[in-house]
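Per-chain numbering from 1; labels A, B, C and D assigned in written order.
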């Protein structure tokens, strides 16, 4: 019962999605539309489950008074605060919820990504070593694309941007297309193994 | 016996529910004339997608069947595996530790599954020498799987006594905190070889750079295409995209992995031939072949 | 108006807290990081409640009586059995629905969108009226075939086959070089965005 | 000379960080306004929207979060300006949880303040739906059942712009601003060919190289790559946003990185020659 029913559900769900692509029959496509609609709802529940995990892990850390447990308390308080003003105060523009989104969520997430600019600069300086001919080719292309793609490149050489567009549109494209096709075959084989129940690691440990 | 009966009931219930939905939605469809009702049971102009999927599915299932029957399926040795062995060998010569980072994703990412197989093999080669194998982990779920993989490796080399459970350490599930802590291990314990194999994201930059600065020999491998450029320039060798999965199939000879690898290979061969044929026909001005690959 | 100014100062404070990680990991960075994890988790649930739970489940189920929605509600609730170890395996019923659908979506999406259409786009004539197009078509075709052969595992990369594979790695390196250049561009733009916020919205020294 | 390289090799990371910060702050304080021209994929994006008949409906999916805002928000407002100038009816939505507030901000800046358009008649914000590529396919069978209410809670059946919109055949073009997954790749795979609808994409520079095969194959009619793509597009639309303002800083930042790569390798090779 633990293994059989989930496998049946996975097979049915996968079958409906694939069949919906091939079968234009209105009655059938309505079932597939319903099943897709269910997935949207279950996914929303799984998001809430994810937050439940965040709460559970942090609650354990607070209980055991681990390092920085005070910060974990702040984390939990912020979570419930934002959740509360969102559900009761509404999420439209101009609400307190939106104020906190604009003035805390946005700057912090944007700055975390901006940190990467510094890390990539120090990596370029300390780790970007042209050890092999392959790395040399990578380095030359990287530099050509970086300089050609910014205005200063165009002042250096009039048709630098067109040359960069050529690199992106021909040699680079051939490599990316091969990777695309390889990834497509990989994804199809994994999807097939999951739907037919050959691949069960997603079942997790029981 | 009742378990089987219960499953049958479950299946029947599910199908009944769906036909209930069919009745409901069919009745709904008739009330909203906006969507013209279409009663065809197969969309013929999607026949080419059907054939392609049939070929790929058939190849994969056929090869998995052959692998299960123990037929010998040839897979060439992945150059990356030699690089891993060389890195581990260098560490044993210097008597220093080896750091194995299995990526930052959970067990439901196939790259982590592939990384566990390679980890088991690395453990087997290291078991013969008394050097520590440190495995820092980000997702709690991965810890027991990694312990099991390393224990299997040590026991199959007959050195279960040398297996140290504490070297497989859960660090933190936050991305940058994990990267900072692992960089700390690299700088403090100065491993001679860093192996970064699995699913990596923006933190790959931090790890590869710190590793390079400590002078350790580094071998990396990931299927996340956007992280490959950093690994290629910062590490001594990099397994590119699918090579990570090919390496795990080569090592484990596991029917499912071997079967899908060989199935994909057959599909690639068919694609290469199709491109050659298509290009010749296109150059000759013949268009019908290309039209076979149009999707509506 | 004062709320906006207060907001900009709060945003600037948190921006500098995160930037302080560049100097070294410190209390302010950890504080900001924990606040962010809490706020973003709370934000997510509130948004899912307003944009998914109410319109797609609660209102149709209670107000329009679409009883079929009892199934997803039941499956969704099953997910929470993950917290009760004794019956946590029940949560796999809900996971099974999601994994089944996403596997089906991957097969159709990759199969039709990536596989067939990308092959179609690479069946190119080598003789065209413009020399440049013919040359480009040749490079595209040779490059694609060489890379596919590089990712071929059933034959040793030796002799002629090995040579073609080496041409493949040649194209792959150009492809990764371009990705590296574009990634540098992306990260720099994100930093420009933040510095622009600090200099313009906060300090107002940009004319 | 070798002492200089030894000094460089042991340079502290924070010194590098200071150089990067200066390379960005100085051009912002002293703009150089270096000229640049429009490249072909950006022209394709602009022309694809110009070709949409006046007054028809367009789907505008902004799938990104504040983390990619500097590259993608300028594209969002510029695309809105071009669409509203052609009196196109914009149906906006987002497949990322943190997307809708950004869409609301763009709509109020451009639609409300600049064009004085009426909410619900000229444009609408359908908000967020969880489900990623499943939402796209679900919209293929029915948009109203997938999005029963808009972001402000009004029922879709009561919104004028949504009358007669049942699935993708009722919109002329999909304009997708994409920050990653789910984004342009999923729109191409799940929707473009299956429902035979035009698609253009504005994406982060990180994703741009992966989408060139879709542009060459015609699955994408236009492609804006990163902040440079936004700057070129702003020039075409005639708008000065963060895209154009950031270009000088982008140029200097790239030169600094180029310099770092060269210096790092010179130091590496000179010290390596010493060892062997």
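The rule is simple: contacts are C-beta pairs under 8 Å (C-beta built on N, C-alpha and C of every residue); 3 or more make two chains touch, one makes a residue touch a chain.
From a predicted model like this one, the values you see are computed outputs, not experimental measurements.
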Identify the chain pair joined by the greatest number of C-beta pairs in contact.
A-C
Measuring from the mean C-alpha position of subunit A to the mean C-alpha position of subunit C, what distance in angstrom results?
3
Length of the line joining the C-alpha centres of subunit A and subunit D, rounded to whole Å
16
Would you mind pulling out the distance in Å between where the CA atoms of subunit C average out and where those of subunit D do?
13
Using Cα averages as centroids, what's the distance between subunit B and subunit D in whole Å?
30
By the touch definition above, subunit B meets two or more other chains at residues 21, 35, 46, 49, 53, 56, 176, 225-226, 229-230, 232-233, 241-242, 268, 271, 295
Could you pull out the residues of subunit C that touch at least 2 other chains?
21-22, 33, 37, 40, 43-44, 47-48, 50-52, 56, 68, 71, 101, 105, 107-108, 110-115, 117-122, 144, 148, 151, 172-173, 175-180, 182-185, 188, 190-191, 193-194
Per-residue overlap in subunit A, given as positions that touch at least 2 other chains
5, 8-9, 12, 17-18, 21, 30, 33-34, 36-37, 39-40, 43-44, 47, 91, 101-102, 105-107, 109-110, 112-113, 116-118, 120, 122, 124, 126, 128-130, 134-135, 138-139, 142-143, 146, 149-150, 168-169, 172-173, 176-177, 179-183, 185, 188, 190, 192, 202, 204
Should the pattern of chain-chain touching be classed as line, ring, star, complete or other?
complete
Using the touch definition from the top, list the residues of subunit C that touch subunit A in their complex.
3, 7-8, 10-12, 14-15, 17-19, 21-22, 30-53, 56-57, 68-69, 71-73, 75-77, 79-80, 82-83, 88-89, 92-101, 103-108, 110-112, 114-115, 118-119, 121-122, 136, 139-140, 142-144, 147-148, 150-151, 168-178, 180-185, 187-188, 190-191, 193-194, 197
Subunit B-touching residues of subunit C, taken from the complex the two chains share
21, 25, 33, 37, 68, 71, 107-108, 111-113, 115-117, 119-120, 122-127, 137, 141, 144-145, 148-149, 151-157, 172-173, 176-177, 179-180, 183
Which of the residues in subunit A come into contact with subunit C in the complex?
2, 5-18, 21, 34-49, 51-52, 54, 56, 68, 71-72, 74-87, 90-91, 97, 99-118, 120, 124, 134-135, 137-146, 149-150, 166-185, 187-188, 190-192, 194-195, 202-204, 206
Can you list the subunit D residues touching subunit A in their complex?
11, 13, 16-17, 19-20, 34-37, 39-41, 65-70, 97-98, 100-101, 104-105, 108, 129-132, 134-135, 137-138, 141-142, 145-146, 151-152, 194, 208-210, 212-213, 215-216, 226, 228, 247-248, 250-258, 260-261, 263-265, 268
Any idea which subunit D residues touch subunit B in the complex?
142, 166-167, 193-194, 196, 206, 210
